[in-house]
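In what comes next, chain A is part of two complexes: it sits with chain B in the first one and with chain C in the second one.
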Partner chain A sequence: MNKKMKAAASASLIAALLLTSAACGNNADNNNTSTDNNASANNQDKEQAANGGTGDKNGTAANAAAPAEKPDPFSKMTEMVEFTTGISLSADAKPPAGESFENNDVEKWFEQNLNVKPKMAWSTSDQNFAFEQKVSLLIAANNIPDVLSISVDPNGLSILKKLIKADMIEDLTQVYADYASQNLKDSIALGGPDALKSVSSDGKLYAIPSIADVETAIPVVWTRKDWLDQVGLPEPQTLEDVETDLKAFKDKFGAGSLPSQQNIYGADTASFDFVFGAYNSYPGQWIRTADGSVGYGSVQPEMKGALERLAKWYKEGLIAKDFIMNDSNKAVEAIAKGKAGLFEGAWWATWYPLPDSVKNDHNANWQATVLKGVDGIAHAKGYGAVRSFVVVKKGFKHPEAIMKMLNFAQEANTKKLDWYNKLTIDDGAKYLNAKMPLLPVSVSAKDPHEITVRYKAIMDVNDGKATMDAADPETKVQAAAIQNYQKAADKFADMGLWSLANQFYVGAAGLVKNPVQQTLPAFIGSTDLMQKKKASMDDLEKKTFLEIITGKKPIDAFDAFVQQWNGMGGADITKEVNDIVGG
Partner chain B sequence: MKEKKIRSLEAVHYHVMLLPTLILLAIFSIYPTLGSIMAFKYFDPIEGIWGSPWAGLDHFKMLFQIPEFKQITINTITISLIKIILNISCALAFALLLHEIKKRWFKRSVQTIVYLPFFLSWVIMAGIFKDFFSIDGLINGIIHRLSGGEPIMFFNSNTWFMIIVYVTDVWKGFGFNAIVFLAALTAINPNLYEAADVDGASRWAKLVNITLPSIKGTIVLILILSLQGILSGGFDQIFNLYNPLVYQVVDIYDTYIYRMGFQSNQYEFATAVGLFRSAVAFIFILISQWLAKKYGEYKVF
Partner chain C sequence: MSIRLTKGDMIANTIIYTILTLLVVVTLVPLLNILAISLSDSAKATAGLVTIYPLGLSWSTYTTIFKDHAILTAAGVSCQRVVLALVIDMVLVVLAAYPLSRSKKAFRSRGIYMWIVIGTMLFGPSTVPMFFTVKDMHMLGTIWALVIPGAVGQFHIILMLNYFRNIPSELEESASIDGAGPWRRLLQIYVPLSMPIMATIALFVVVGNWNAYYDGLIYSMKTSDFPLQTYIQQLVVNYDTTIRDVDQVRDLLAISNRSLTAAKLVITMIPILLVYPFMQKYFISGIMLGSVKE
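Presenting the complex of A and B:
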């Protein structure tokens, strides 16, 4: 899991639609609301955001004098609000000299213009779920920081359930209603009713969710086109093609194994999700099964084919013999060293792990594609409505200050803050290569089909079918990056620009090339029984799958596993989930 | 009467010296033990361990439903016993051999060198060993040079993995025990050996009839000390080296507790496993008490 990179990618992705207005709020399903439909209700919000809050002009005074008036989502707090938080940091975060998460231009802006200042209570590595473990320990010790941003993978919703049950976090229903900006509310509405429902309990909202751009879940197969040309093979379309390519790469370049890691599914880089997807199997997710009920992906019969295929690959040496010792950072070393010509990554792999490869070998021409499944149709997993969420500790005095930060985060995310763009994504921006979190709390609300929509808009500008001036801020930023990159004399001088330009030009292009049938999770929460029993069941699952892949156990061990799984409580949990979903 | 009083006064400084240990024991062993009550509760962090509602034997029932639980118990006991036997016998053999060497400087330096690994953390050692035994590591490199054979997957194979566990454990720990044995060996009255020489005893006869009986007490002491730690030993090493493929042979109570408790937040369940482990450990302590009574001059209680 590389959360940092995900954050970097989402920051440069866009969100949504400029403004479905308050008037269109009731037809949130209509994702194609035209961008020029700026309702007047929104204009005020937007202007204030762009000006950095108008609190000093009138907002604060008005609020103080007449608290009954509608609160201003962007106004400056009357007094300095400090809050503590914990973050996960990538090992290759490179803050500019003398700066840190707590001390950088973005934080300073918030301190001056919003009177809100984050303090880092602690930080963890972004590897091996160190952050989730830290949070769980702090929950048990009843000592969480004021604000936490938690990712749904791998167990965020179960952590949320614990927090709610223990009464450790604020009910944000009122704060959200009063202080969330229209832009944020509209974007969250794009996630459908599940978005707020999955972070609520008994009708109370306990967290501010970030909406998934569902297409990001699709595993993309990245191949070195320059190598394919040398061995005279076309771009891979199926698992068989992958085998052929790997064998050819092995003979010609000594790079015959697929970068892989111990997290065989769910990790966005170097996992086997593309193989599971090809067999229409979705380990670790609750999905609709053939009979219409909800079942656990890891115990469905489709898994067997995928595991069998992986076992075959392992036996033939197409998977690194010691993949079980690797995390994703270790797995992708081969890519940087020029010892791998094909791997599974996300569509935003131009941020991670590709820069290292391209820096070391300027000839490396990576191209993206989504494989067809064994039935000829491209299948892929999806995300639930929510990807991550922000919670506020019970008793924290100013939850509205956090809500306001999130409002700004959403503006930043939709590229509407010029000062933020200048610092982070514009040509030569100070933080373009910093690889560290700049916003103390993050939120990203996306059109579920963000990538397709955005790709089209960017390409229209790029091909001259639309003008730059008419484009929305995010499209503008991305299209400008592509133009800057194409103009650049030295294409590799600024790797940040390389990543930004190619993520859509190459990554998104590969993703949208063929239609992909995504299977969205039918259930993403955590149930009482799951809280009690799922850990030991997951443990057994991981062990069994790895044993099958490495050939320690025959494929028949899968049937025994399914039986054991059901016996350990899987059958009861499945029933529980079906009761909740009403399936 | 007076004499008795003086004697107890003389002993006061011993008790003062004992005090820090007792305090540490109270803070780090006795007080946390009270938290074991969590195994019978549904833990609620706001209420704390004491205020949480009772769960009865729920967590223990679950423990016996887990298919691997039996295997984990077997693993814990086998690994611990084999480690104790290997550690003591290697340390003893080494001490006896070293004791025969008369050159003081050589003896001293060897003693120090073998003692060094004892101070290294398993976190570091595991990293080094993982590199050594990895598929493109030093050991496989040597194997390839010498025989040209296929690389060995040390960390995927049940047999190889256990060999690595035992060998590295002995390598790291035997220096410490060897020093204790060496100290005991130097304490043997040299007159005994001189008398034996006069009688024309062979080296072997001296070893069997003088050396070993003289240090019997120390051997039993070390055995008892290791038995007490029998079910808590090995976590650092195994946790840093293992992977799901070898769970079957190497998963012990402590690693399982760690995965359930800290990685999966099943605190109550992990505590239940911990309590069960303590119960098993208690049986072993009783055994060590019996052993001590029978063979040594030492008593545990």
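Presenting the complex of A and C:
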């Protein structure tokens, strides 16, 4: 449907080609330098690791008076374990002079305190799905590094299936049970039972998942409060309000069209996701339908209402005549130019695209909210709770060393390691702007409703209901930013601070105004049939939707489209997906 | 000698010059736009306010670039690649085109070789087999992975051999009468006479190698080995990808400064712009005029 899908499709094509070769490959070339199988931890080392600075909060695991034979999640390995891995690097990475992924203070800490050392087998761009493409090629060449962290989006779970099928990765069931820290286990459990299930096969756990919040997907409607006040309207609550506001903005400011773009759904900024959500429809997403089976969102009957509404908007000029020509960068130009007073963005819009609007016009007072649906309840799409996962190559001698690394990574990513905070987030920290991966391998398991939970905690500090000192480290960073911003004499001198402070103060506030009912994807990734047929089905879908919106075809064309879609292979694909989800 | 223009010629000339001027404008405006953006304030650029002259003029983007190690490293990789590719491609193409330009009588299995060349043009390999080949030849992660796979341009061979064929055979015959062997005939008769086509092919090779980004993405095993265009490609950020957390947005923001990206584009354009005027002098037709009297 869009660039992302195209990239995904090409990546999956490569993945399809590689299957055969990967399946008959072997796992003999194990480059692991460590040969010792002895993995049992001893008490001395355990104490060392705990003193090494794991912080007081995770002390439960380290201080538990476990018998010597009980595996310790944080203890030092008895001898040096080296592992190879591949990483993605930002074009903006600025390591301090002489340092690199293989050589930095964080890495040294792990080398000294855990006896684990990473070796970078390769690195690639973090943009345009370059990482997944590289992984796909290396699986084909049967040349994967010892440890890989793979993102679920766009095709990560399909890649995992291939790795399992080709017997290229370790079964981590036992290692997870024995060596995962209580904190990590508890945090992953927040993602629900499906979190572990989605990276398992035949009851065996093949990867350690990262759990991310699901709320980021909620489309937020941003409006200019200063404009609303001038035309005497309240903040929009429904799609009708949006129409009223746009018409009022048109008369008063000549800004009557909604910033919109060619990706009519599935884009964070300036798509029509909020309209689809209002009708409880989820195009492009596999969802549970009323009868309990899994169905494709784009062909569900709820779509009709949303498309009809969009056609009406197009006819009335609330959507630009040439919106099909816009990409998201073009769509947001109107926002920065002061020619739009209402748009759909993410809750993090204070980072993009709002700073440019505020820089160009200091009076722009953007406020956020989630609209109520046509049934009076706010509905929204969601992301799957599992965001990425870590796999270990088959035959790697010390998977428990990786598990220990991940235990520390979880502590670090929840900002619970003091020494790590000092290096990365405190004022003047050495790696504050390094923008390079520091942890040799990383997971982060957060509450799927992290934003709501965090917002409440921050506001408690802000309102004086809780003290700053008692707050969680993550909350502290955010609450301090808000305080600094409120104290600042020139609010727009540091736009980074503006974005950071308003991210929760305005963005997250909008997200929690109305209780939102989220529909999470029931299936992510692609199947064999999808790789063969989905591209032409997507073309048909895009063409039909655009024709309906622009009024070239009546809304009834949707029914014909659904029939055609099923005929083109949609019915078979749906069955395939149900088989996978069910089995 | 002055040429007298008829009225018809005048009208035709006016039309031709108008069309050419329009073409120049159409080509120049996007370049000027990029140049203007690179010299403007980023917020103004994002708002789409910048046309062909800068708003809020500042050179800061360019000073930033010259402090940026990554882009300089990438430019170094690109230069290395262009030079290697130019030398290897030219040598191989000339050596392949000369025998293939001989008559069937002189080179009996010529047809078979021709089909092999054309066959690889029609059925190019896809990414995965190519990757396998490059890997098995131990070229992964080296500069050779960028140079060798595309070293012999089949299209270049065909251009070259057709040019060779158009060189009057009398020239070659006269050279052989004077005792020149095939090497000497190639190097002293054919190559010097083929400067226009050599320059054309050289330009293809230079521009093609300078602009290639995909192979860099596939075969480079370190981001510091990326050639310039692969490096640039990761800067053209698309916010349509679904973003899962705020850190990701901040990372994107850091590299998606429109003015800075525009400045980087301008920098990458300059070497190619410089190549054209130097090549121009070779594009002279009629070099063989009067070499043979029939």
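In the analysis below, the second predicted complex is superposed on the first by the 313 of 583 C-alpha atoms of A that agree within 3 Å, B and C clash if a C-alpha of one lies under 4 Å from a C-alpha of the other, contacts with A are read in each partner's own complex, and residues count from 1 in each chain.
Note that in this section a contact is a pair of C-beta atoms (placed from the backbone, for glycine too) under 8 Å apart; a residue touches a chain by one contact, two chains touch by 3 or more.
Since this is a predicted model, take the numbers as computed values, not measurements.
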Inset, instruction - Could you say whether A:Tyr352 touches chain B, chain C, both of them, or neither, answering first, second, both or neither? - result: second
Inset, instruction - Scan A:Tyr383 for contacts with chain B and chain C and give back first, second, both or neither. - result: second
Inset, instruction - Would you check which partner chain A:Phe523 touches, where first means chain B only, second means chain C only, and both and neither mean what they say? - result: neither
Inset, instruction - Answer with first, second, both or neither: which of chain B and chain C does A:Gln133 touch in the superposed model? - result: both
Inset, instruction - Considering only the touch criterion stated at the top, classify A:Ile324 as touching first (chain B), second (chain C), both, or neither. - result: first
Legend entry - More chain A residues in contact - chain B or chain C: C
Inset, instruction - Based on the superposed arrangement, let me know which partner A:Thr550 touches: chain B (first), chain C (second), both, or neither? - result: first
Inset, instruction - Would you sort A:Lys165 into first (chain B), second (chain C), both or neither based on which partner it touches? - result: first
Inset, instruction - Examine A:Ala141 and indicate which partner it touches, taking first as chain B and second as chain C; both and neither are also allowed. - result: both
Inset, instruction - Could you look at A:Thr269 and tell me whether it touches chain B, chain C, both or neither (first, second, both, neither)? - result: second
Legend entry - Those residues of chain A which chain B touches in one complex and chain C touches in the other: 133, 137, 140-141
Inset, instruction - Note which residues of chain A are touching chain B in the complex, please. - result: 129, 133, 136-137, 139-142, 155, 158-159, 162, 165-168, 262, 320-322, 324-325, 532-536, 538-540, 542-543, 546-547, 550, 552, 564, 567-569
Inset, instruction - Note which residues of chain B are touching chain A in the complex, please. - result: 43-46, 48, 62, 65-68, 130, 134-135, 151, 153, 155-156, 243-245, 247-248, 259-260, 262-267, 269
Inset, instruction - Would you mind writing out the residues of chain A in touch with chain C in their complex? - result: 2-4, 14, 17-18, 21, 89-93, 120-128, 130, 133-134, 137, 140-141, 143, 153, 212-213, 216-217, 261, 263, 266-269, 327-330, 332-333, 336-338, 346, 348, 351-353, 355-357, 359-360, 383, 387, 435, 503
Inset, instruction - Would you mind writing out the residues of chain C in touch with chain A in their complex? - result: 42-44, 46-49, 70, 126-128, 131-132, 135, 141, 217-218, 220-223, 226, 230-231, 233-235, 237-246, 249-255
